[in-house]
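Chain naming follows the written order as A, B, C, D, E and F, and within any one chain the residues start at number 1.
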Amino acid sequence: MPSALSPSAFTARAPDLAAYRLAAEPYYRPVGDEIAVFEAAWRHRLPVMLKGPTGCGKTRFVEHMAWRLGRPLITVAAHEDMTAADLAGRFLLTPEGTVWQDGPLTQAVRHGALCYLDEIVEARQDTTVVIHPLTDARRLLPLEKRNEQVAAHADFQLVISYNPGYQSAVKDLKESTKQRFIAIAFDYPAPELEAEIVMREAGADAALASILVAIATCSRNLRGQGLDEGASTRMLIHAGRLAAGGVSLAAAVQAAIVLPITDDAEMRRALGAAIAACLP
Amino acid sequence: MPSALSPSAFTARAPDLAAYRLAAEPYYRPVGDEIAVFEAAWRHRLPVMLKGPTGCGKTRFVEHMAWRLGRPLITVAAHEDMTAADLAGRFLLTPEGTVWQDGPLTQAVRHGALCYLDEIVEARQDTTVVIHPLTDARRLLPLEKRNEQVAAHADFQLVISYNPGYQSAVKDLKESTKQRFIAIAFDYPAPELEAEIVMREAGADAALASILVAIATCSRNLRGQGLDEGASTRMLIHAGRLAAGGVSLAAAVQAAIVLPITDDAEMRRALGAAIAACLP
Amino acid sequence: MPSALSPSAFTARAPDLAAYRLAAEPYYRPVGDEIAVFEAAWRHRLPVMLKGPTGCGKTRFVEHMAWRLGRPLITVAAHEDMTAADLAGRFLLTPEGTVWQDGPLTQAVRHGALCYLDEIVEARQDTTVVIHPLTDARRLLPLEKRNEQVAAHADFQLVISYNPGYQSAVKDLKESTKQRFIAIAFDYPAPELEAEIVMREAGADAALASILVAIATCSRNLRGQGLDEGASTRMLIHAGRLAAGGVSLAAAVQAAIVLPITDDAEMRRALGAAIAACLP
Amino acid sequence: MPSALSPSAFTARAPDLAAYRLAAEPYYRPVGDEIAVFEAAWRHRLPVMLKGPTGCGKTRFVEHMAWRLGRPLITVAAHEDMTAADLAGRFLLTPEGTVWQDGPLTQAVRHGALCYLDEIVEARQDTTVVIHPLTDARRLLPLEKRNEQVAAHADFQLVISYNPGYQSAVKDLKESTKQRFIAIAFDYPAPELEAEIVMREAGADAALASILVAIATCSRNLRGQGLDEGASTRMLIHAGRLAAGGVSLAAAVQAAIVLPITDDAEMRRALGAAIAACLP
Amino acid sequence: MPSALSPSAFTARAPDLAAYRLAAEPYYRPVGDEIAVFEAAWRHRLPVMLKGPTGCGKTRFVEHMAWRLGRPLITVAAHEDMTAADLAGRFLLTPEGTVWQDGPLTQAVRHGALCYLDEIVEARQDTTVVIHPLTDARRLLPLEKRNEQVAAHADFQLVISYNPGYQSAVKDLKESTKQRFIAIAFDYPAPELEAEIVMREAGADAALASILVAIATCSRNLRGQGLDEGASTRMLIHAGRLAAGGVSLAAAVQAAIVLPITDDAEMRRALGAAIAACLP
Amino acid sequence: MPSALSPSAFTARAPDLAAYRLAAEPYYRPVGDEIAVFEAAWRHRLPVMLKGPTGCGKTRFVEHMAWRLGRPLITVAAHEDMTAADLAGRFLLTPEGTVWQDGPLTQAVRHGALCYLDEIVEARQDTTVVIHPLTDARRLLPLEKRNEQVAAHADFQLVISYNPGYQSAVKDLKESTKQRFIAIAFDYPAPELEAEIVMREAGADAALASILVAIATCSRNLRGQGLDEGASTRMLIHAGRLAAGGVSLAAAVQAAIVLPITDDAEMRRALGAAIAACLP
């Protein structure tokens, strides 16, 4: 007795990936050979894993590479309630009846986009299993609900990110997942480079930028001594914008760096003292 | 084979954000530079995080700023069963068929309201991930169920609140979330200021208000010695209203402050003795 | 692109709150100033929290106040699987199509009833968050599924109850909830008063009632020494009814007090001995 | 704006409780004053709780009382996945459209049956909360999904059972539930009485019955020394039937008592030795 | 007000239990009085529980008894996600509308089949509660979703199985379930008998069969010393088939016995040495 | 009263298993008697279990055997949220109404494919129970939702895989599952063989391949001393491709082996030193 649905049984419109193309070159300041390694991986369409702390530029790097390679970029922020269906797709009951809706991963696979799964370790393990047949010689995405196997578009590539700083044992990628990826490590930029970035992004002058970078260095030295992470480049930009917009430097640093980073009174005092030494 | 839904496939009416506009200026008595910092953040549409104990005026401050900036305010009280769909929206089966309904966050993003997520740490982490692309340079809200990316309205701003007093390790914002926000710290107002507020809000006279503020100070000193929190400004207003309405001052303080704040017999006695010393 | 539903999109009939009005004055014997405090809170529509052990008359007091104030009373017994939707309402698929059904809290808010949430600490925290905007100056109930904000009827008041005797740390109200309520403490009535109640409710004579009250006092003294709670007034009434109906006093006390209160053989013996000393 | 459903909006047929009436008097051999206590509780419609070990006749007693009082009996076996809706009712999508279906408790409440909730402690606490307003002066069952309050039929009575032998702390009735019930304690019948029951139910002769009762006594003495429970009266009847049907007495006792009661080799040996001493 | 559905409201076709009848006598080699005990239980329709290790013939025995008694056999493999509805039935939305579908247990109850619940302890407890009223004098299956009580067909009998070897405390039948069953214990057959079975089922000659049985005995002696279970009769048949099919005896034993049974290197070595001593 | 659905009640199209046939012979380099054992198992259709570490060629071996035996291959990657319905099938609401959709296992069973369940231990236990009646003499797949028992096609065979390296006690196959399978153990290939594979798959020359294999050996020796697993053959191929594509050998090894394999700074240093000694 025959059974099962043919994929063509569902009407659907062609998606418009234009919305996922970057309109302008995203500013990105390289710090090592990351672009060369990414391009070598891209030539073989090897999946890439970006590792590094919060706010050091991983997302910006992927945007830059997508622009550089001329591919649309589909970004998915993973979280612990994300299921495989959130990536692959599902049947939706719509005003036009039941239609299949490709998930963001399926769209990227079918139409040849870069797919960036941000903070992948947050996701449930069923989502990581979905990407296995996409990341070996098969390059296939099985859509079991449709009885369809989607062969990846020649230009599809998978990129994931991962913050090794605060993974617990229970939330780690499985070995069988890790070994499928080329990895690129990220860290905060060197001081001069970081100052350059803060000047450009916050509209700060060189003096202000260099004070902020000095403060960041202090805070990063306190990491592991009561701080989970030091101030990110993003926080320096925030502080720079507040200061450039008329808030006093001390208040800007307090609002953009000290208060968000810790609720511990002791830690705040230590951080405050370290910062005071950096202020002009 | 094409697939996916276009956002325009769903009929929907224009929402009326008028209901979210404040009709009158909410009374707010500033205690520091919080208005200036908020306005500087607003100029760059940087997301803002309010930190501080229960009942010290965080909600009132946001209402005040919304009125001051002339924006509608959409408030969402977070809780541990709140999911991303509660913020972003969902398909509803209605008498008119299946329609998409924007969630409160999506309404704010689309139409340019302030969105205030109260007690954000209570929410599941998938909700905090939803706000990530809204709180960096992208200012985008991806609605995966609609295959739509909503670009934030120029006047959209996100505000969250957070009580650092009783967060456990398991319920804390992730570093990658915290570092996206400008923070403003709140605490109880100084005594004269608090008395002024109690007089205005409870219809109490100066003598009654100053007794109540003295009682609050006593209770706040017991914090950490058996009390999770001291009496909030809100509780003083309640006691003031009961007393102004004919209940004896002792009974009013008992009903509005002592009984709600603790069930521990020892603690009640200590608190009672401290209060007795403040009564006339 | 517009979206969202207008509240008027759903047809519904006017509810009949008459079923929630008390037909006759419920018997209630005051033990202190609880009626005065409740009435003062009512004048400002301040939310009220009733604290006290099982079976000491909290429910009866609320019924009495509803009758006294001439308001309908909607009671909801909270439990750990109760969700916010159980209070606020939901869309139901009915023979007449999909209609919105106000939950009991929404009915009370919309039409001006007293809403009594019994044993509120049993509920999941999302339910307590639902009541926050109802219990401050806003007096609003947001119905997110309808995109509606219900302004409370002028006569709406919220009452909750709470048994501090057996709350664990994991099941306690949050500070931000507690501080919104005026509290009234309840305990078992004084002996003469309790005997009066048992006579009236069980049809017992004065001698029988006074024996039962003596037994209750014994059992309450064993609280914390192996008994979670002593015999409640309700249990005395049950024993009185059995005895008045022809069961021997010893058998009635056994069936209505000893057997329900403990399964521990030691405890039963201790309780039995204490009771034997009270029997004539 | 009006809302909510009126109960009359749903079509439904009159249920036929005849299926729940006992056709013949169930055999029950009283062991104490349990019938008198039950009848006194019934006169006031006080809820009754039956306590005792497995297989000692609690179910048979309820059947007997239902027959004696001439009421239909609706029995529900509680389990840990049972929800309030399993008791109260739900909307069902049927070939005839969406109809409301009363659950077994609602049927009993509406039409005046005895409702017997077997092993109530197994159920989730939301189910025990459902019975609270039914077990005090209100005698009401709120059906929130229908916005209906069902007033109990004059002949409705609630009976629950409870095996105190193996309740853990996490699975116990709440004080506020326990105190609502009249309790009747059950245990295995006295030897002569139990032999009489085995003779009648298993078709065993007096000699066989008395051997089986002796074996049961042995096994009950091992309770707490490696056995969770001793052999119940039901097991004696099973063994009696096998033996009366041609299986050897030793094999019948092995199959009906020893093998079901324990998987522990040590325990089986101890039990086997004790039993061997009882065999002729 | 009437409510509830009558069972006759649903259209359904007569099921064809012919598919559940055994076409030929299943080979079964009795090892004791198990057939006599089962037949005695069958005469009273007492429920039967089969206990014993994996792969020793419990399933084959039930098939044999079903053939012997001329009844269809409906087998259900229990698992931890199995719910009561998986046994009892559910409403299904089908192309023909909503119809009720009897579950496998209900089919057996209604039409008089043997129902075999394999590895019952794996199931959630709600499933074991479903079988309680079927396993006492009532012989009833309540289908609450249909408001129907199915009286068991005269030829219905329930059989369950249970592997006492690896039950943890959390996964054990409740006393109130165990005491409802007649139990029959199974173990591996005696060596000559087992060799006879291996010869017949694997097409092995007597020499090969006796070597395999010797190996099994070795492995069973290691049970509890690092092995959860020894080699089952099924494994011997597998090894016999591989060897009879041309694989070397050593390789066949490795593939069919050693590798499946343990991943521990130490254990494999010990087992390997023991086996080597048995090989010719 | 009749009930239940006949399987023929659902319309469905014949599936096209052509998509699951391998177009070309997959490269596979045998390392022992694995092909002979698999073919012997295939002759009796005995289920096969492949054991071994990540990335050592299990998937490739199954593909090779499917091609060799001329059967379509249906692969399912198991994960912890996978349910029995994901394997067996479900009713789907489609634009053409409700239709039954065979799951991948059912397709393989019905039409005679090899079904490969990859990393089976990740799945919930209900999925392993589904395969029990398929892996003994019955060769049946019960589809309870359809009241259908699918007899396996003569060419159906089941293959599962399993990585014994990192199974915890909670995630292990049940004995009753394990004993149903013929097992084949896999490990990394011998050095010359592995070099041959790296040359062929990465386009590397002999010198590069032999350096990479030496590095792999180093990393595998660190297994259990801080590394969960050593570098797999797959990783060597990745490194070979990067190096062959112009990335320096050191950078290629860093990106393809060191960074993916560990986040521990100590471990990275140890691994780095070991690798440096292998580089030319």
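The rule we apply is simple: contacts are C-beta pairs under 8 Å (C-beta built on N, C-alpha and C of every residue); 3 or more make two chains touch, one makes a residue touch a chain.
What you see is a predicted model, and the numbers here were worked out from it, not measured in a lab.
Asks: So which chains are sitting against chain A and chain F at once?
Replies: none
Asks: Same or different, please, for the chain D to chain E contact, judged on whether over half of the interface numbers appear on both copies.
Replies: different
Asks: Suppose each chain is reduced to the average of its Cα coordinates; what separation in Å results between chain D and chain F?
Replies: 51
Asks: Return the distance between the CA-based centres of chain C and chain F, expressed in whole Å.
Replies: One centre to the other, that is 58 Å.
Asks: Report, in whole Å, the distance between the mean C-alpha point of chain A and the mean C-alpha point of chain B.
Replies: Once rounded, the distance between the two centres reads 29 Å.
Asks: Quick one: which residues in chain B touch 2 or more of the other chains?
Replies: Chain B, residues with two or more chain partners: 10, 93, 99.
Asks: Using the definition of touching given at the top, classify the network of chains in this structure as line, ring, star, complete or other.
Replies: Per interface graph, the chains form a ring.
Asks: A student should be able to answer this: under the defined touch rule, what is the ring order from chain D, with chain E coming next?
Replies: D, E, F, A, B, C
Asks: Which of the residues in chain D end up touching chain E in this complex?
Replies: 7-8, 10, 12-16, 19, 54-55, 59, 75-82, 86, 89, 92-96, 99-104, 106-107, 110, 118-119, 122, 163, 165-166, 228-229, 231-232, 234-235, 238, 241-242, 245-247, 251-252, 255-256, 259-261, 263
Asks: Would you pull the chain D residues touching chain C in the complex into a rising list?
Replies: 1-6, 9-11, 33, 36-37, 40-41, 43-44, 46, 49, 51, 83-84, 91, 93, 97-99, 124-126, 128-130, 132-133, 136, 142, 144-145, 147, 149, 164, 167, 174-176, 178-185
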